[in-house]
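Chain nomenclature is as follows: A, B, C, D, E and F, assigned in order of appearance, with residue numbering initiated at 1 for each chain independently.
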Amino acid sequence: MEIILIFISAAIVNNFVLTYFLGICPFIGVSKKVETALNMGMATTFVMTLTAAITWLINTYILIKFNVPFLEYVAFIITIASLVQLVEMFIRKVSPALFRALGIFLPLITTNCAILGLALFAVLREYNFIESVVFGLGAGVGFTLALVIMAGIREELEFMDVPESFKGAPITLLIAGMLALSFMGFAGLLSV
Amino acid sequence: MNLKTFKHGIHPTYNKEFTSGKGIENCPVPKKVIIPLQQHIGRPCKPLVKKGDEVTEGQKIGDVEAFVSTPVHASITGKVTDIAPYPYPLGGMVQSIVIQRSEDISDKTSNDFNNKENSKLDISSLTSEDIRLAVHSAGIVGLGGAAFPTHVKLSPPENKEIDAIIINGCECEPYLTADDRLMVEHSEKILYGALAIMKAVNAGKIYIGIEANKKDALSLIKEKSAHFKEIQVVALQVKYPQGAEKMLIKAVLNRDVPLGGLPMDAGVVVQNVGTAFAAYNALQNKKPLTQRVVTVTGPGITEPKNLMVRIGTPFSDVIDVCGGIKEGNKKVIMGGPMMGIAQSRLDVPVIKGTSGILVLMESDTIRDFYKPCIRCAGCVDACPMKLIPYRLSDFGRFHMTEEFKEYGGMGCIECGCCSFTCPSNRPLVHWIRIGKLRLREAEKKSA
Amino acid sequence: MDKRIIKMIVVLTATAVLSGGILALVYKKAEPLIEANRLRELKKAIFLVLPEAKDYKTVEKKGFNIYIGIDENGSQVGYAFVATGPGFQGKIKMMVGLANDMKTLTGMKVLEQVETPGLGNRISEDTFQGQFKGLSTEPEITYVKNKKPEKPNEIQAITGATISSKSVVAIVNKELKKVVKALKEEEVEKTYGP
Amino acid sequence: MPEIKEKKDDLLIVSSSPHIHTVENIPRIMHNVILSLFPPMGVSVYFFGMNALLLMLTSTVACILTEYVFQKGRKKEITIGDGSAIITGLLLALTLPPAFPLWAAALGGIVAMSLGKHIFGGLGYNIFNPALLGRAFLQAAFPVMITTWSAPLTGSIPVDGVTTATPLSLMKFEGQMTPYLNLLFGNVSGSLGETSAIAILIGAIYLLYKGYINLRQPFSYIGAIFVSGGIFWLISPDKYPDPIFHILSGGVMLGAFFMVTDYVTTPTTPLGQWIFGIAAGFLVVIIRLFGGLPEGVMYSILLMNAITPLLNRYTRPKIFGEVKVG
Amino acid sequence: MGGLGIFFAVFLSIADRKLAVKENPLIEEALSIIPGINCGACGLPSCHVFAERVVKGDVPVNLCMAGGKEVAEKLSKLLGIDTPDTEKVLAVVLCKGGTNESVQNARYIGEKTCEAANIGGGGKACIYGCLGYGDCVKACPFDAIDINDNSIPVVFYDTCVGCGKCVEACPRNIIEIHPDDQKLFVYCKNKDKGAVARKICKVACVACTLCTKDCEVEGGIEIIDNLATVNYSKCKESEAATKRCPTKCIYNDIEKNNTSKNFYVSRGKKEAV
Amino acid sequence: MAPDGEVTLSKDFIKGLWKENPVIRQILGMCPTLAVTNSATNGLAMGLATTFVVISASTIVSIIKSLVPRQVRIATYVIIIASFVTIADLFLAAKFPSISKALGPYVPLIVVNCIILGRAEAFASKHPVHRAFIDALGMGVGFSWALILLGSIRELLGFGSIFGFKIMGAWFTPWIIMILPGGAFITLGIIIGLINQFTGSRTVDTSCH
């Protein structure tokens, strides 16, 4: 039950993008088309889940064991960067088709703050291994959800008459604000 | 009565009362006719005459060069004065033969097309090949407006079995009454024509679809067809576009014509009542198609009429017969108000596909402004093809050809329901046409 | 291995070692300060919920850190403990002070919370926290809405933030029970201990 | 040399088909919607007095002015006459508590029109229902003010001029039920236009009769609330309210007939409309029963507004004659 | 702790060695040379793709229409290859029958774009001529074309790079892309017979054949489909051919000299030529 | 050359303030921009922390640029940046515990702030130390003022104060939304939109590379 709650909380109630402001860059940059958004979301979810697992291991078996908590950031960011590159290499080898669909997004993921944020949050909340992984998965699904919804809306924007000076990032931010307002409806959903 | 119909569609104001009670009159023989060498879908004809030649009414003056094509015939006796591109009611210029009327022919020359005498046609003696040949050499095309060569429709490929003929007596376009009058005045001829068409494709059944608002035609055709067991008259709900082939087939037989396919893919051939009438004339009287019924109507016409007009008669002559056009800004449309084509000049000739000449005053046709789409989904609920017109129109307008294709834009039959129903007055069909054009160009390019 | 790769490894290793070294140095300097900050905060909170305390000592019982407040005479003035639980939007962490009789609260202070600003986060305000001072813990603490509390075990919920208020009460009740149980066992051990 | 015709009036008009058009247009639709809002407006004035009237006036004027400023600023046609700004203003006011400060209502109107509508380009382009967006903004900005309810002037609840709880919060926090009859007629506390189910139904029936709304969305919305509310009720009748209470209380009725049926922000495809209604209805029950807030109508609709573009995209009807290839 | 550093270093260098960063710095430099307005005239999706492909050598350096010769030279210098000859190309509007010259047949009501008007019937009597709604103006990524008071597009030859977007946009195909050295143009596309064309437009080619006779080069101008057509393989410029044209629809090198953007703007949208 | 050099330096500095402002023009570093700006103080603190990291990282990168092979460039930079972020984090926790608490996990997220890696990559690795320093300073200051502006507006409307000083009188009802996520997005969107409106320019669509 706890696990399900962590998942729903990360995916919807405390959506990474809309309440923690994590992963805003790709949220603004890669949300122009639904298909790309979906692919990006899936790639990110995959990396997030993997990161959650590996950073947990690193934190537990290296940082805590050797009592070097101050290396946390360095260790995590390098882990993520290497992981993304490994995943990229792996996908390229295993499925060229998948690589073409996801590959271009992979370098973007390295600097996606949602991933580092995820690793840090998981440590902060003292999740165990399973919880960390579920948390990563939930956060990824939440990220994908927000990204796809945003992409759906932005596709519609093509036909709209947005004032010239608000085109691009400003309107995207405003829509994100409105989405965040809507997601407030879920507030308190899991604590009663 | 449980009337059959299809899903979606609209209910415009029909305005048929202008001409619905008026019998078909003979249009006086014009002084000059302009006969375009292409009055049908397909390849243009090759002229058989040259400048200065004398021709007689009914003489073949243009012959086919391909299968999907029909010959054209002189509609008056006289002299060929020019063979050159002339304005054409469907837009642009088309190579046409101009015939000046002989001096010995008067305006009132009898018009045996409008002969009300009913003579029976002996169909049993005809083979399907005979019928096809007669129809072809008479230059008959679909007279509902699309002008598709009839003999092509009557020659389905071997693998396509045709089991039913539908005779289209819907005339769902507002204002027009040509088919209605034809059914009332020449019901038996139409029935015989229909039987001949049935024989040509070896179908076993004829359905005659008539909208319920044409009560006279409906009861008359029912009565006259009572002793033909293969003919069934189907009363249809009054709804636009009931007369569109696919919708008619859906309503009468509950069959779906596959997207991008033809009625024959559903085992059906659909013919207009006018075509059946023309087929009768071709078989019984050996008359080629040189005249047709044209409804001249609309608020801008002084004296609306149903006229039997010779092909090639300039619009201005026909309009003059009806007392001319009223003062003011107006729009002259060939065909009905939903799918007809607005004319930029009145020297264009009546062609085989001219079912009506409609003159609307500017106030009847509001189209000069449009507002943003409010996504009321009225067009979605109106589209008989179940497309998403508001979205397709945007795809067309913004040249998003791939999306246009993905959303099935080519399936649009341009019936105009969406534009009609749009509360924001958006020219949806117009934009979808742009989309279709763009898509065709793009596909041509990539091919 | 060609030269380039060696150079790569050398550079990276050097960078990492260097940064690790520097970080270790900085950490060594900063760590005591951070720890001191933490303790200062803790002390402040304990003294706030146990107003008479001038000092405290920490005992660990059944996984709880219980802080025993001591006044200037060295006598025990009460217990303080950290209670944590789910609020409206996330974890609420607070310091709770308990009198020696274990039946009266001497104070409550919210340490961490992420409740709705301006609404739920008013649980950190003194008007709300102050209500817990002298609150009777038996029977269970309850809350009332839109009116003054009448019974000694009642507090008034914040208007518009019923859930946050409710959460605080629920957390205090739950954690209190555990702590009291742990303390009682300790006493039993003290008295009849082996 | 050809003669150049100067007098353009002599020329025939050419344009693309079709050449005739329905009599319907945007102002006509909007004005009818305004007309249909009269019953709930009247009831709110009856129960909540002058302040209700002032609230409606304030938010409407704020909406109209905002629209004017935007259209003037962008040098676009001024379309205040089409009535859409009035509808937004009225709907916003109808979702506010009777004692809501007027300045805040005006702010809500400005936000609704500017962020909710004109930033996207005006009528027809907005993603979120402007009235609800304005309300969501107010809810987030002034959570206390917007949950401070005053009792109706007449009715079963004794009038003592102080705040009371709405039937929903009574249910959620106190476990008290409100009689159905009160919910039907509206003599309970709540937002201006949400209290009386009957008044809303009268307006809705008018719109249905005129054909401006179809039953798909209201039916699926109310149906989904009834069914999902009913399931929880059957599971635990003591803990959860019965489905009829769900439907009659809060903003369900107003939402179902005036917001779920909003043209611009809801799906255009029939299937999409069904999904919209069902999902929004389900969300209402989830938020009401398990969320932190007593009411979920506003958020349910806003959330579904957000995925409407996706619904439109993925629920295209099968084209006539289209053969779905696997 | 130092060990940890080494661990990461080794781990990373192994990882990095396996997937050495592949972004070629040349691409970045190439990108800084090309105009970067993503006009798409090269047929590639974006300037970045062009930069990538050009560095790889997949596409010629002179593919960038917007950049023209200058960019091609810079790119080839960067990549160390020879510049292929790039001709400067420009868009030419081949119709002069604006509202002052051509007959209006009907009043068009509807969407005011050439594309829509072309389908909707237009209204202009000449079915070959410019519709004047300015689709080409909207299509131009360089603001190098505008509609003048006579409803005919004017190309600014100091700004035009010959990307061909306007050609694509024009539904009546009256805009063509021509190399800079072609100077002789027949500014008409009407294929009607002389008598008909004369009736509907003052400046239509009436196929009188005078220019074909006057042209210095035999066969330099031919009448094809009732329209004088310059045969550029034989004749690129001819002053003589333009002299006797009865409708003044053939010119030799007049536009390019006087249509700069500044000139046009200074004349306040008045007819620039 | 000397005067030219000076001009370049001041240009290097100025461009970060306005023309290439990371927040308003380049839409970079959005996470901290939005997350911590519920008060002007937090905005200032985050701005300073980021400025410290970007200056240190850019300077170091510029110093060692010739030593680092291209293949491990990014990795080295990331280590350097992460180290400085750790230092900044430890410093804040040691000296300013309350600010450290308010900024929470967003301090470590400076690591992935595209501004820093972006400056290191695009500028510091190609230019001499003094220019890299000035460029980073400009970027840092540009980032900071944008954050302070955003923080001030949100604090003013959300609490009625700026830098903790009460501005609004008792009549003012705080707009709680301004401190919430929704308010952050909306405020920044409006600020950028209005700036575009008045300067007549458009934001470049970018994403982190």
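Some observations on this one:
Definition applied: a residue touches a chain if its C-beta (ideal position, glycine included) is under 8 Å from a C-beta of that chain, and two chains touch if they have at least 3 such contacts.
Not measured: the values here are computed from a predicted model.
When the C-beta pairs in contact are tallied for D-E and for D-F, the bigger tally goes to D-E. Distance between Cα centroids is largest for the pairing of subunit A with B.
One finds 33 Å separating the Cα centroids of subunit A and subunit D. Centroids built from CA atoms put subunit F at 44 Å from subunit E. Spacing of subunit C relative to subunit E, judged by their CA centroids, is 73 angstrom.
Shared interface positions of subunit B, i.e. residues touching 2 or more other chains, are given as 329, 341-345, 367, 372, 427, 430, 433.
Shown for subunit A are the residues in touch with two or more other chains, namely 68, 70-71, 74, 78, 159, 161, 163, 166, 171, 174, 178, 181, 184, 187-188, 190-192.
Within subunit E, the positions touching two or more other chains are listed as 1, 4, 8, 12-13, 16-17, 105-107, 109-110, 116, 119-123. Touching subunit B in their complex are the following residues of subunit E: 105-107, 109-111, 115-116, 119-123, 125, 127, 192-193, 196.
Against subunit D, the residues of subunit A that register as touching in their complex are 34, 148-149, 152-153, 155-157, 159-163, 166, 171, 174-175, 178-179, 181-192. By the touch rule above, subunit D contacts subunit F in their complex via residues 101, 104, 115, 119, 137, 140-143, 145.
Taken together, the subunit F residues at the contact with subunit A in this complex read 27-28, 30-32, 34-35, 74-75, 78-79, 81-83, 85-86, 89-90, 105, 108-109, 111-114, 117, 177, 180-186, 188-190, 192-194, 196-197, 200, 202-209. Residue ranges of subunit C in contact with subunit A, taken from their complex: 16, 19-20, 23-24, 26-27, 86-90, 116, 163, 167.
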